[in-house]
Amino acid sequence: MPEKILLQQYRSTRQHSCTLCAPLQTEDYIPQPREFASPPKWHLAHTTWFFEEMVLKVYLNDYQIYHEQFSYLFNSYYHTIGDRAIRTERGAITRPSVKEVYQYREYVDKNIEHLLSNSPNKEILTLVKLGINHEQQHQELLITDLKHTFSLNPIFPVYRSNFNLVKDKNEDSGWLKMEEGIYEIGHNDDSFCYDNEQGMHKVYLHNYQLSKALVTNEEYIEFIEAGGYENFNYWLDEGWNWVQENNIQRPLYWFNIEDKWHFYTLSGLKQIDPEAILAHISYYEAQAFATWKQCRLPTEFEWEAASEKLIYGKRWEWTNSAYLPYPGYKMAAGAVGEYNGKFMINQMVLRGGSVATPANHGRPTYRNFFHPQLQWQFTGIRLAK
Amino acid sequence: MPEKILLQQYRSTRQHSCTLCAPLQTEDYIPQPREFASPPKWHLAHTTWFFEEMVLKVYLNDYQIYHEQFSYLFNSYYHTIGDRAIRTERGAITRPSVKEVYQYREYVDKNIEHLLSNSPNKEILTLVKLGINHEQQHQELLITDLKHTFSLNPIFPVYRSNFNLVKDKNEDSGWLKMEEGIYEIGHNDDSFCYDNEQGMHKVYLHNYQLSKALVTNEEYIEFIEAGGYENFNYWLDEGWNWVQENNIQRPLYWFNIEDKWHFYTLSGLKQIDPEAILAHISYYEAQAFATWKQCRLPTEFEWEAASEKLIYGKRWEWTNSAYLPYPGYKMAAGAVGEYNGKFMINQMVLRGGSVATPANHGRPTYRNFFHPQLQWQFTGIRLAK
Amino acid sequence: MPEKILLQQYRSTRQHSCTLCAPLQTEDYIPQPREFASPPKWHLAHTTWFFEEMVLKVYLNDYQIYHEQFSYLFNSYYHTIGDRAIRTERGAITRPSVKEVYQYREYVDKNIEHLLSNSPNKEILTLVKLGINHEQQHQELLITDLKHTFSLNPIFPVYRSNFNLVKDKNEDSGWLKMEEGIYEIGHNDDSFCYDNEQGMHKVYLHNYQLSKALVTNEEYIEFIEAGGYENFNYWLDEGWNWVQENNIQRPLYWFNIEDKWHFYTLSGLKQIDPEAILAHISYYEAQAFATWKQCRLPTEFEWEAASEKLIYGKRWEWTNSAYLPYPGYKMAAGAVGEYNGKFMINQMVLRGGSVATPANHGRPTYRNFFHPQLQWQFTGIRLAK
Amino acid sequence: MPEKILLQQYRSTRQHSCTLCAPLQTEDYIPQPREFASPPKWHLAHTTWFFEEMVLKVYLNDYQIYHEQFSYLFNSYYHTIGDRAIRTERGAITRPSVKEVYQYREYVDKNIEHLLSNSPNKEILTLVKLGINHEQQHQELLITDLKHTFSLNPIFPVYRSNFNLVKDKNEDSGWLKMEEGIYEIGHNDDSFCYDNEQGMHKVYLHNYQLSKALVTNEEYIEFIEAGGYENFNYWLDEGWNWVQENNIQRPLYWFNIEDKWHFYTLSGLKQIDPEAILAHISYYEAQAFATWKQCRLPTEFEWEAASEKLIYGKRWEWTNSAYLPYPGYKMAAGAVGEYNGKFMINQMVLRGGSVATPANHGRPTYRNFFHPQLQWQFTGIRLAK
């Protein structure tokens, strides 16, 4: 019975969020040092609010909402549901306490489990699946946001001593050759996907090659040492402005200490392993590196068409595709419809998933997207030519 | 002989810039009220500098450059050629005078004509063609920038009494149906084109329809009166922020005077003709209008594939395609290579040309591009579904 | 013995900081929602750091500093002591934990008490006195910063149910007349004062009158209802810009709910008592109100000369004096010298003390100072003419 | 007859504005590259508008205003007179032309002369005097604004070949000692003054000394070479931030070319004369220099009390007094009242007048005022101790 499996997935996903927070002290749940980096407490509450707002309030008879104001406090961008707490003020919301947020989670969990145990209809199953995937996305954000907050602390806090996520290496090398022709792109079976993957359609691709390995720290250090950050020829015009105005000279979290490259990891400050895969670069840096290498970044279609033959999942790979709708794309009605479509401007697609992506969350058709200057995700570079 | 034709084109293009400036007073040549709107004097000088820098200095023996510092003053974004005057300071450059800039034009014209009359090689012909097309682009910018400067003056100056460019109407109606299949996109003959149109390639298009008419003022007023600017559901998230932060409530240059819609035109303030074609809207507004109409904007590929059957050239039509390289795109080496490729981020493609585009400048493969919030070009909306 | 009294003062001051924090949850210790509003944890640690840095490290033999990096983390503006954590990032410093900060306090307290119990020299006594006064200042900031953080939370947290600091009323009325003549201004005995009060000097004052009562909520509501925020005539030019750009229409923390004025207090949202004394207004608002009343604000000299006859201490009273040095003012050498003198620009003097000022902290010569747009202190208005 | 003398003054003042503009080309009349630097055309028109608005419209029967919209275009900050063109958009106002502005001047001159020739009443005489002084202020601004605009042009235009205003030297040296006591400050006879000088009053001054000479380039170069711009100890906190954020390393208009100090003057780029008097420094720089010299800046009262014995008029001398009202200060009613009082916040007083101040414009009681970061006036330093 699919609802049993779903219930199982629900439980394990919900539990995983708590497991991720186990090493945190109460203080760590609070800060939002940048607009893009939300507090752990907010992630825990917001993912819970999603189930309450989208599922329980609509489908569970006589459901008593946990607290009237939580819908205001833990909403994110869903304009269709009342006012929203200003996005940049999340760090000021010390109450409800962390403990209360965990109680809120338990309350909602109990009700969702009740609902799933009593012959839920198809709409419920669909929305719970969406809620699970939504929470998985926030699990990755929780980790990347926490890393960012900790990185601003001069004492470089340790999240867990064995949690250096950026020490992994390539398992393949060389170039994958792909043939010219028509390929089918987009999601095409009954399994879960987001609306932005739907609208399976044909694209025509010309001959191309993809690197089987991602760019390593060593290769990127060559770029730095070759003056990559000082030569505008490699950069898009806006990328060059970004470099100049922010005095960018290296990937995020990198430090040059006594002439040795170090970086901040969730296990503290570490010396960089040259053979490990590069992380925390912006699209601008990815594009500049590719130009310096006399290569380019792949399009998202090239990536997806080749995905069966790629070893991926270590870094979100910047593609040279802007985040735009597929043919026939329709936003869902209401708040669920705000999930994806409204962000289809000025962002670039990333493919493949990262070391921080929860297991079973990714798939070849998955379209992640961020603004080109952002570096705080576990982003990397796969070259194309 | 191609060089004779080219010489003819050179002369008429150069003359046309002067003709456009004939109604100006000396004062009008100076201001740069926004970073995007350059002074007429700068346009006249910069297009001249292009011929001097790219052609005369390289190909004409013993060429004496007109003035050492002009290359600094009238360069634009070409990082490869020395320092550049800060883009936002163009309005402070009162010297050289307007008269000197015209003398500079004459000096360069004389030399280019000499060069073209003496068996020019193919590189010269190619660069002069590029320079002509470059100047044609600046002719359009000169008009749109001037309109913007004048629009900021509360006395609404008249450029020419018979120069209301936004009174034109549609000449066709209904929907054009296009069949699914493979189409060839990009430039594919010996005629001039920019590097961003090259790399002719195949794309696969699914069934689609394009409106034969562009959106009119009347239709857009319906959108306004239906609360289009107050309902976030129609807008991209960044579009909605743009609306809120800038208090946008109507297209650029529109004024509501005693309950009647007026707009500023280069012939002064006029009452709006409801049947005329809408102009001066941002991509955000185009996208919101299309959503409200339960339609969408076409991709640039849909547009190009259908272009033979469209009546176009009245407005730059916002497409739903981001400005990105075609397969096989290569930036040219040196300064010429900075022309297009470095802007391939965060901009949307516009197709078709406008009433301000010089005759013979447009073509079906032409890719114009601007940031999604900009309104000062003669931009319009063609719906797709 | 003065050191016994001082030890007593040290203990009670240190204890008072802890008492103020007793109602807090761990979460409340963390946020810094605005640059001006530091976290409670930071206040607790910074005041402790002051004793460690200025006293223990210098005067206690073999003192082991508690943690090397605390001097970096909990320094404020003292440029002379190493690098400093960026002022705006205090909210990201989740580690050390709240508990560790209390341990740090205990460790430093133990050492200071040891030092004070062993025949401390005069420099030590002077610096400990300074540290006590420094901590008292931060006690007031702790309360005002906390109020600001809580006010940003839509659920309006209650700090303590009986802690509405802004319900107090005037105890006197009418005008105090002061005679023309020479008055002595500044600190003039052996008791503690800051360097900015020293340099007792003579000033010549002309006839003036001061209101014995501070402006009440009722009077200020009249100003609002008379269109005070809509009429530029009452405002300084920069004040008017501040009103326009920030859409200021009422004092900070005021809300108009169903046509009744409410405000946020540390006891939660309350209806305003018209007879209570106004609080939380900027200098701009104080000056505009005074102009509307056809009065003016007193200078700090007029205030000090009359202070014996005034009932003060309820609100920090904006004066019409800029914060500038007294004749003969000299900054102390080293870090202590950064305490006051470097802020003598673009700030206005406030006199009198507020309901949040610790007992025995104020005195007639005390010079407080803030930028003219700031509202988050317990500021009020005394009229002069 | 005083009106004859006034008419004479009117004519010569009006003529002087035209004389100052004689070396300009039409293009030079237009730009406003910074908010603080208005175009010459605007200065010419605004000073004329003052006479039309304040005098002719009120006191001349049947006066026909020159152009309805000029009052909108050439108003400055006078909120009481209709809307105003946005301050930062003055550079976009190309029409009316320069020629029309000169015609406007002639028209108003004719009418003012008519009014002054027909038994003007006292109010008229007072306002015309104010208008003359207002125009003199703008003559100085015209020169300093023009210098700023020209300085942004990489070709360093020459205004007049013999117009290097910053080559003058000190004519005295040593220290002037002043006795403690009561001094009278403020304007005290029938001659013209601004409202901010009125309210003659007594101040008590303690012993002080003023340098008879102003700081020279040579002395300031010593400060630079001693690391003055790198050591925060000399700077106010906001001054240090200003240095850091704007990368300030030298006075405005200074350039270090092949290890020699040069500066831009209205006669073009010149090598600096070490013995000439320093110009174009901010209050922050003046204060830092004084601190480095172990001196201080004088208060405006110290300056005025000593003014009889000082050789002044070469540089506007930054004082350590904030711009605040004198005892008994009352803003005049209506637009005239907006002249001075509304700026009494966040600005510092300057005394003495500069090489760009029109003859007969200054006086010992004159209070000039600017924000502490501004450098574009001919500002200098007189030390006190």
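The chains carry the letters A, B, C and D, assigned in the order they are written, with residues numbered from 1 in each.
Heads up, the rule we're going with is that contacts are C-beta pairs under 8 Å (C-beta built on N, C-alpha and C of every residue); 3 or more make two chains touch, one makes a residue touch a chain.
Just so it is clear, the model here is predicted, and its values are computed rather than measured.
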Handout entry: Set of chains adjacent to subunit B and to subunit D
Key = none
Completion exercise
Looking at Cα centroids only, farthest away from subunit A lies chain D
Completion exercise
Between subunit A and subunit D, the Cα-mean centres are separated in Å by 57
Handout entry: Centroid distance [mean C-alpha coordinates] between subunit D and subunit C, Å
Key = 37
Handout entry: Euclidean distance of C-alpha centroids - subunit A vs subunit C, Å
Key = 44
Handout entry: Residues of subunit B touching at least two other chains
Key = none
Exercise for the section: Could you draw the chains as nodes, link the ones that touch, and say if you get a line, ring, star, complete or other? Expected result: ring
Exercise for the section: Flag every residue of subunit C that touches subunit D in the complex, lowest number first. Expected result: 77, 79-80, 182, 201-204, 206, 208, 232-233, 235-240, 283-284, 287, 296, 320-322, 324-325, 327-328, 342-346, 372
Exercise for the section: Mind listing the subunit D positions that touch subunit B in their complex? Expected result: 25-33, 41, 69, 72-73, 85, 89, 91-98, 149-150, 152-155, 157
